[in-house]
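Take a look at the structures listed below.
Two complexes are shown next, each including subunit A; its partner changes from subunit B in the first to subunit C in the second.
Presenting the complex of A and B:
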């Protein structure tokens, strides 16, 4: 079965990203396909590679990046939400004349159309938020 | 339909709304702070009891454990499941509604 996942909250404040991660992992373990994980609203904060949580804590961003690499996941960050919150890739850096970028490995910035498309193509869209 | 409730009934009325609007044959899954809804003699125990007549009610074991809630404090009839069970419920039900 094809799943799409929507994450609406950032890491550490809410459990949404953790729940979404564990659900995604469990779905993949059962042989299901996760066609896209879309990060919207504060959820875009999951996609910055500059986070450094304490060593004995989970690394939410790296965990997503590693899962994406292992299973070839499509992690998409909403562009408008990302611009508001300072989550930047190389293209956005150039386009908005910023001095740096911070997108984490395995994440890409794109538009809301990607959420709609995932909702149409997937058999189930599961939302995690607050 | 699979209804996912992630708010404590002590804090928000999501579970109450979900119970009121969900239909017979559907399933209500309590996750995150929503697991407090499964407590025996808790804020939502009457509503859950009503639900159990014609709906399935499940609670995520990992989130119970994270909050120090032992399974003997959970209402009888409420099924404790894991993330794999969550995925299976999502497969079984054609729609998944999160009550955010």
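Presenting the complex of A and C:
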């Protein structure tokens, strides 16, 4: 089965990103395809590499980055939602004249069209939110 | 446009809006998805239920809370080829609202000499259930 995943909440406050991660990992391990994980609303906050949780807790962002590297997973952060919340890659940094960027490994910033496209192409779009 | 999009797949997208327009920004960002999604030549409908019915309330004024009043954007839905906006009757009634309290949203019917037609269809919870189950892609905001 071809899945697309939508993550609508940020890390730690809500369990949505954890659940999405576990679902995605399980789907991939069972041989399913995950064509894209799209981060929207506060979900874009999953994509900042500056997060530093206590060492005895899971690292939500790094966990996504590692899964992306292992499975060549497409992690897409919505550009409009990211701009509102200060999640920035190199292109966005230049475009909006910011003094830094913070996008984590394996994530990329793109438009909402990527979500719609994923909905069209996937057999199931699974939303994790509140 | 990517190769995949030229495949001609047309799915029934239903945007389900359950939250009030303010208090959280799910409503505002949900509407943005629907408008962007309209460019993809899919079959698009909107559904408003629970507190989501407040999103369509006419006469919204956000001055006192200092947030953006994006309610005028709903009027653009018709221009974006959205022809169906479903509002759940029970949700309206529980909140003391009727269709008369909602913004008069319209679209121009290209198959009928561009006549302006109402976008909003008030439906029962049972009908809403059917609309949801008959859709291919559900986006909940």
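Keep in mind that, in the parts below, the second predicted complex is superposed on the first by the 130 of 130 C-alpha atoms of A that agree within 3 Å, B and C clash if a C-alpha of one lies under 4 Å from a C-alpha of the other, contacts with A are read in each partner's own complex, and residues count from 1 in each chain.
Keep this in mind: a residue touches a chain if its C-beta (ideal position, glycine included) is under 8 Å from a C-beta of that chain, and two chains touch if they have at least 3 such contacts.
Remember, it's a predicted structure, so these values are computed and weren't measured experimentally.
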Practice item. May I ask you to decide whether A:15 touches subunit B, subunit C, both, or neither, giving the answer as first, second, both or neither? Key: first
Check your understanding: Which partner does A:111 contact after superposing on A: first (subunit B), second (subunit C), both, neither?
Key -> second
Check your understanding: After superposition on the shared chain, which partner residues are touched by A:23: those of subunit B (first), subunit C (second), both, or neither?
Key -> first
Review point. Is A:32 in contact with subunit B, with subunit C, with both, or with neither (first, second, both, neither)?
Key: first
Review point. What is the contact status of A:125 with respect to subunit B (first) and subunit C (second): first, second, both, or neither?
Key: both
Practice item. Look at A:81 in the shared chain and tell me whether it touches subunit B only, subunit C only, both, or neither; answer first, second, both or neither. Key: second
Practice item. Using the superposition on chain A described above, determine whether A:1 touches subunit B (first), subunit C (second), both, or neither. Key: first
Review point. Which residues form the common part of the subunit A surface touched by subunit B and by subunit C?
Key: 8, 125, 127, 129
Exercise for review: Name, in rising order, each residue of subunit C that touches subunit A in their complex.
Suggested key: 2, 4-5, 9, 11, 13, 25-26, 29, 32-33, 36-37, 39-40, 42, 137-140
Check your understanding: In their complex, what parts of subunit B are in touch with subunit A?
Key -> 4, 6, 31-33, 62-63, 82-84, 86-88, 90-91, 95-96, 98, 100
Review point. Where on subunit A is subunit B touching in the complex?
Key: 1, 3, 8, 15-16, 19, 22-23, 25-27, 29-30, 32, 124-130
Review point. Okay, in this complex, where on subunit A does subunit C touch?
Key: 6, 8, 40-41, 80-81, 111-113, 115-117, 119-121, 125, 127, 129
